[in-house]
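One chain, chain A, appears in both complexes that follow, with chain B as partner in the first and chain C in the second.
Then we have the complex of A and B:
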């Protein structure tokens, strides 16, 4: 009974925030189609020269590219990869960022100083350039691109969580918990962390949007994910050459989807941050 | 009247910030007997809270305990080398000034109390949850089962303070420090919390140190009163004596300022007047030559101690 009431309340709240609702709706649509549609569509890698550069039509919703691959099918399969990559980058950056930031904030002193200077060091490079260099060093593969982009985003979480921890640990309830005998690890994980993590969760949704942009951007430059993998950035890069010859549809759909996907995450993040702050 | 046995014995406690040795607390000594409720009064900045933090071992990093000893049941808490206070929860527990801040906002009431029980009474998780309900009903919360499932923001300030007291009691402390526990509460709740503190004292036999700047609540609750001024303990005696025939000029002025709604008479001759002497000298109406030396905290009789040259001269 209680659960249903609070669920009702949550829905009512959601309805009062059209942007949040829009973000959630777009994302849900993307995820559902990314999960289900590939089972019904053409193989995104199968080529057919006979139908190369077929303009958008009912049989090929977004048209076909120069190898006769179905762009709609490729876009859907790319959505699978991009959203998964975006989310996992956001989560792993948050995971490591929170651990590091919590350590810095709770331990303090020299440990804090070292961590924060290192964080500054990473932040000194623009995230995109850092990822570019890292991928060049550790090599190409979806996984390695994920790592490279994650490293670039970790410092944001470190700073956010540390600031929040410094704020929380001065509050009486932390002293109260310490006074009844809770150990330092328990204090950090069960008392300080739950109260400090809110803004990081919001940051994670924003980072998910950014990392979709970054990964696609890297792919566009030919770093990281390579053709013929179906990935939005790769597809835009491939299609970019065709625009001059009049085949505008080859890069339009994937480019548009990059924008919409990262926008969906930001709609959610912006609304949530207003809610929490 | 038989003097109750001493539970807490503080001797020569000094606390300083930075390089200073005793600018926050200067040579504070007093004892608290078993089951006594002692009020610690003084104006803002007199060191009341610092004294309680020092007792709890919670002094901020920049503020150090520089000298003195704190004994609970004859057991020394101050480490001789590092001057760190090592206390266990069953020696001193604390009730905080703002009950809302003293509870973790993301944890259910029940588990916060249960956690305290688990750590301090060697109970299993199940047992501590059961026992937490008992503690919640002991501090006068209605329907403990419902309340234990709630979060702090769902309770009123008075209820939160009861929960905080329950958490402190779960430690089975010998001494309960209450740092202005009723400042954030309205007067009727204040009276209820006082009753609760008295009941707790009667039930568990713990001593209570009640910190307040509100003389009215001190007179209502406490049996003994210690007066602090700028880090010096000025006078300590029974409640009746403080309010009726205190001997220290500061206590007299403090009491009269409340009873007749007058301001504390300000005779400020600059704060560095007698910089090494009695810290009240610069405002004291009865100041004499010897006030340039720090007066000793001397016993007038069994229940009355004072640190004032004037008062000591009169009595001897």
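Then we have the complex of A and C:
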């Protein structure tokens, strides 16, 4: 009885928040189609020059590109990669950021000072430039792009968590937990962290959206993920030249999907941060 | 006030030194062989060794670092492998183009973002607020390069209203004498109005592309800052004694909300000066972003290194400028700093 009521309440709340609802819906749609659709579609890498530049039609929903590859299958396959990469970057940036920020806030002193100065240094570079140069130096692969983009986002979480920890540390429950004999690690992980992590989770949804844009932007510049991989940014780059010759559809769908996927995360993040104002 | 200035510049200098060390670390110490990259996949071992020797990459890391710091203290950022010219000169040659693009983009983004953000805050929870928030969400999720391509397709290929994506000016157009490096302002100073019109035509698409994306953070931060200010006691009091709301917004709210807004606009501007690789690439804009793109395509180590350093330094200096702007808009910062410098 009680469970049903609270479920009802949750639904009512969700309905009152169109942004959150829309974001979750789009994301679910993306994930479902990325999992199920590939079984029914053409191979995203198979080429057939005879059907090159086929405009969008019933059999080729988004048309075909200059190699005769089906753009719809490529977009679906890319959805898998882009969303997975975006989520992994957000998770790992939050994971490392939380550990580092928690250490800085709880240990304090020299350690804190060193960590924060280092954070400032990373923040002295715009994230996109940092990722661009890191990938240019360490080389191209999906994994390396992931690392490069993650590094730029870690400081956001370090700062957020540290600020929260400094606030929480002054509260009575922390003293109480200390008094009953919790060691510093236990105190940090099981008492302070659960109370300090909220804003970081909100931040992580926004970071997932930004990561999708960053990774696609790097791929567009030919850095990181390379052709013929089915990735939205790569596809927009490949199609960019076809526009001049009138084949407008080659970049249209992949670019649109970048925006929609990123938007799903931003809608969720925007609503969540609205709750905290 | 002067004490604050000196202290702020000292910390900025220290951060720049740190930035220089980080850049060295990233470019030279991380796995990846610059000389092999430069020589290309089919080069012989001797060729790679020769390149390594030419650029001093065969020496010990420590002596490389000493050379790097020595060059840096003389303002030398190394020699481009691609053009053989001094990287510092090449970067500064291209900086005005980036600066002009950044300036107009941030200006337009602020013209869009400030009123929309304030409107959303005043109408919080209403339809207007929802629409502004949705606009900001689209702006934050927009893929710059895709938007640019769409605009080029629409306004150049289909409608023919805009010139093609070929940079600041058509080839063969004589430029006004360079006084400020901004083509628009130079043209204005020297009375060449036809050139001014041309320059604006070429600026329009990249500026619209950028400002659409840049307006999102400005809207968000303005909205939050104004919301917070509207909750302050003295504003509520002013409202309750009947100060008209337009007056209130202009005189009191914006003044109180100015610090976060100025910070954001400053950071966005600093970001634009160096981080604008995508749009400069797309519109063939002859700025530092496009230079970085070419450098990366050619694995031109010194040029990449110079670019990152420049971006880092601009970013740090931008933060100093923001702090100074605080002193003018907020007497608390000015007075507070005077007190602790005594």
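Worth pointing out:
The criterion applied here is as follows: the second predicted complex is superposed on the first by the 270 of 277 C-alpha atoms of A that agree within 3 Å, B and C clash if a C-alpha of one lies under 4 Å from a C-alpha of the other, contacts with A are read in each partner's own complex, and residues count from 1 in each chain.
Note that in this section a contact is a pair of C-beta atoms (placed from the backbone, for glycine too) under 8 Å apart; a residue touches a chain by one contact, two chains touch by 3 or more.
Since the structure is predicted, the reported quantities are computational estimates derived from the model, not experimental observations.
Of the two partner chains, neither chain B nor chain C is touched by A:167. Shared-chain residue A:133: touches chain C; no touch with chain B. Judged by the touch definition given at the top, the superposed model places A:258 against chain C, while chain B stays out of reach.
Contacts of A:266 after superposition: chain C is touched, whereas chain B is not reached. When chain B and chain C are set side by side, the one touching more residues of chain A is C. By the touch criterion defined above, A:111 lies against neither chain B nor chain C after alignment on the C-alpha atoms of chain A.
By the touch criterion defined above, A:28 lies against neither chain B nor chain C after alignment on the C-alpha atoms of chain A.
When the shared chain is aligned, chain B comes close enough to touch A:194, but chain C does not. In the superposition on chain A, no chain A position is in contact with chain B in one complex as well as with chain C in the other. If you check the complex, the residues on chain C that touch chain A are 15, 18-19, 22, 26-27, 30-32, 34, 130, 133-134, 136-138, 140-146, 149-150, 152-153, 157, 224, 227, 270-271, 274-275, 277-278, 281, 292-293, 296-297, 299, 304, 307-308, 311-312, 315-316.
By the touch criterion stated above, chain B contacts chain A in their complex at residues 56, 58, 88-89, 93-94, 96-98, 101-107, 112, 115-116, 119-120, 164, 167-168, 170-171. Of all residues in chain A, only 171-173, 175-182, 190-191, 194-195 touch chain B in the complex they form.
Those residues of chain A whose C-beta lies close enough to touch chain C in the complex are 18-19, 117, 120-122, 124-126, 128-129, 132-134, 136-139, 206, 209-210, 213, 216-217, 220-223, 233, 236-237, 240, 243-244, 248, 251-252, 255-256, 258-260, 262-263, 265-267, 270, 274, 277.
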